[in-house]
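We call the chains A, B and C, going by the order they appear; numbering starts again at 1 in every chain.
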């Protein structure tokens, strides 16, 4: 990525807060996040520890490195190169195409809607009655808001998002394209005792006739706090009663399913295709890795880690790390795997023991018999 | 939730069909589905058995309880409090924002479309040629119907639903936002024998050259019977030939994937992120819990339960309850788990046995040797 | 399906390249892909080996069969009946409703967009600045393209697709409804060391304070090569830097999640609800079956098969077939299952051995004691 102008690494170090080793007047004209592809004139950033082994082959004019690394190249040392990269990409990256401030003539905005300053509403956006949109928020093409939706300042709603009635969204929230907020939860009741209830009550006779699932109306809504991001085509259901809440700073990946009445903490990470059953409580900074699944009414503690593909059927404590289905502590899971691999050996040992014991029994029997005879 | 006016619990009991214990002229002015949050003037409903232990702390003026519960508070006893709650939420819940009857001026409805009485078509809805929409059906903003789609009476299609050509939808069907009906199934054929076919035929030599997957046209369509609900961003593929059918009263949760040619029974429950391979047959009232996966061409019997995250690779019988991957009967799965936990003990026992048997062998050998010597 | 006119099977054999056995002047007037439902006048196709057992009951006037099958009916023998069926369905299937060539008056196409010949743009389509659309490509209702998107010739974009800035799409690509291309990847960094980093560094003290996840801008984009198909509501994230690439001829099913920077080979099959972590490399013709999950930074070799629901945490070699979580070779997985089933027997054998060894010890001890006494 071209820098806006040629700069010395001394100037850049001042801007990003780093320490120069080597000639501070080394000039660079572009920034490279791929050290191996960097060439003369580039400032290459080593943003992951495992990239450091590429250092000897690098042809960049200068490098950004974490403290504690050695090189002969002119270098800017920083504490967290990935943070530098994050800032540089934000400044230097190619421009994205957002709607201009104002309301696109094809957008359909109910007259009762309150729009903040410098709001940008793209083409074919629909905003229902009594919504409020905060300052500088951008709503991209084809996104649809129901009635009484409230959205804070500086939000970015990508195209094709669907946000149902009464949803409350904070500031600086990003919704990726196709995200669905506030769909009805999955809650039904049958007029007569259902076969599922019969089984739970220990009744063996099931009934083979219609017993319709009656929809329980969802009178609650979704609250998304500040700085949340929701991935593409993810779904967050509204609450049956009360709220489904996503805490500030939590990041939700694509195709995640968050059911009704969940209470998700702050700065949690919920990774792709994870599904959380109704009424769960997820602690701050908990990490639910990809394709994890949680039964309803569970609690996951602060800083807990639910590994990818884990099936959780019990509460998870603070800081606990679990994996497997049903979820068990990481260590137990791997102990279990190790024992599983020992099974063929265990089985042959049992066979061998059986044989030896038979031989022993035979020998002992003959010894006893002899003795008996000897008497 | 405020009642429309102050009422006596005697009057309410008459309306909902309950039995009053305590003063029938007790007056209430609002309805609370959260007993612990209820205050004077509230009628609180205990709709789940586990809420009953909160009963002593409740400050409501009266309570709705299941038969067989005791309290000093004025109470209305009913058989199924959750059914009462379901009705009350429907009557008292805040209004949702649906399009008004008629066709919004920005909707694009082909002139050949037949609209029933009191149909409500929201903004930016697209309805293709020769569609038929039944009486009182509501189609919300941005939902798109292809050609020859037929939709029954009293349906509610939330915003952003996508319904492809020839789909047939019954009465009182609800599609949550972003639901996708009638996308093409995943069916391909290669002109030459594929490497997969080679392997199945026991041919070890694979071919490292292009052998394109040719798309098999999908000439079938989707049939959704009465009273079905489909969750947000769920997908139901059309049939290759014939129909993909969802039986009456079946409820499908968010992000579920139903592949081509499935035949789903009546009043089944298919929970979030479950995926069903092509051409499966699912029985009435079967329950497929969250993130379950079914291989194609399988049958699941009536009233069977496939637990969450189960991977099904064989037919499942009526009333069978299965879990695990590959799916096995619930009981076997838990027996298996119990044995897995015994493995460390089994392994040490084998070691101890080995040692004891060696000692026995040694002792016996020395005994035999002594005897030999003695001769 | 009615043929356009009555034809002899001799003429049809000439058209599709087959060999007639029986009277070549047998006349048929329709084509049936369901042999058991076929009646007189039908030409029935047996496109799957397992259908062949239905052959004796078939009432069709003629049949299409794979070489090596016997019948008394007039027959056309072909090498791959499924390929014949694929072609026949394409020619005879009911018409689908595509937009007419030209730009629908309600579409919003930026003046800078370059449209090829015979492009068809449906209602309410949005095309952002500087896009290029190739000849004969069809873009259906409500699909939204950001800026600088390039789409090749003969593509079909179903309704409601969302294609973000800079996406590059080849020729003959099909996107099913609701497919999302180019959403931002899931990449964050924290200003201070995160609790996750602390744990990895072996630091036991975690910090219970805010440490926000800063979004790493995604300056890369998505490249989809020729002949790719993407399923309904599937999501493909753009690259952080560089490209997320889907190789020519690869087919992606519904609700699949492909994270940032993936490099997917040619003619791969990625089946429903599979999720691939960031920066993976997937070989040509690899098959990832339904609900499989891959950790980030993995490599899957050519012609490898990852079975349904597999959780992959290591690289997979060429032609390897893996299953289970964590993924292991198919054979080992089934050996493991077999041993698991032996556990109850192994456990009773250990118990029996314990008893026998105790008895042996007792007998031997008494023998020794006797001997001692005898001295």
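Rule of thumb we're sticking to: contacts are C-beta pairs under 8 Å (C-beta built on N, C-alpha and C of every residue); 3 or more make two chains touch, one makes a residue touch a chain.
As the structure is a prediction and not an experimental result, all values here were calculated from the model.
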Copies subunit A and subunit B touch via same or different residues, half shared test: different
Size of the rotation, in steps of 5 degrees, that lays the CA trace of subunit A over subunit C: 120
Centroid spacing, where centroids are CA-atom means, of subunit A and subunit B in whole angstrom: 23
Multi-chain contact sites of subunit B, meaning residues that touch two or more partners: 124, 142, 160, 178, 233, 255, 273, 291, 325, 340, 343, 346, 350, 353, 357, 360, 364, 367
Touching residues on subunit B, where the partner in the complex is subunit C: 108, 124, 126, 128-129, 142, 144, 146-148, 160, 162, 164-166, 178, 180, 183-184, 186, 188-189, 191, 195-196, 206, 208, 210-217, 219, 233, 235, 237, 240-242, 255, 257, 259, 273, 275, 277, 291, 293, 295, 311, 313, 325-326, 335-336, 339-340, 342-343, 346, 349-350, 353, 356-357, 360, 363-364, 367
Residue numbers on subunit C that touch subunit B, as the complex places them: 1, 33-34, 80, 82-83, 85-86, 89-90, 92-94, 96-97, 106, 122-124, 141-142, 158-160, 174, 176-178, 227, 229, 231-233, 249, 251, 253-255, 266-267, 269, 271-273, 284-285, 287, 290-291, 302-303, 305, 308-309, 319, 324-325, 337, 340, 343-344, 346-347, 350, 353-354, 357, 360-361, 364, 367-368, 371
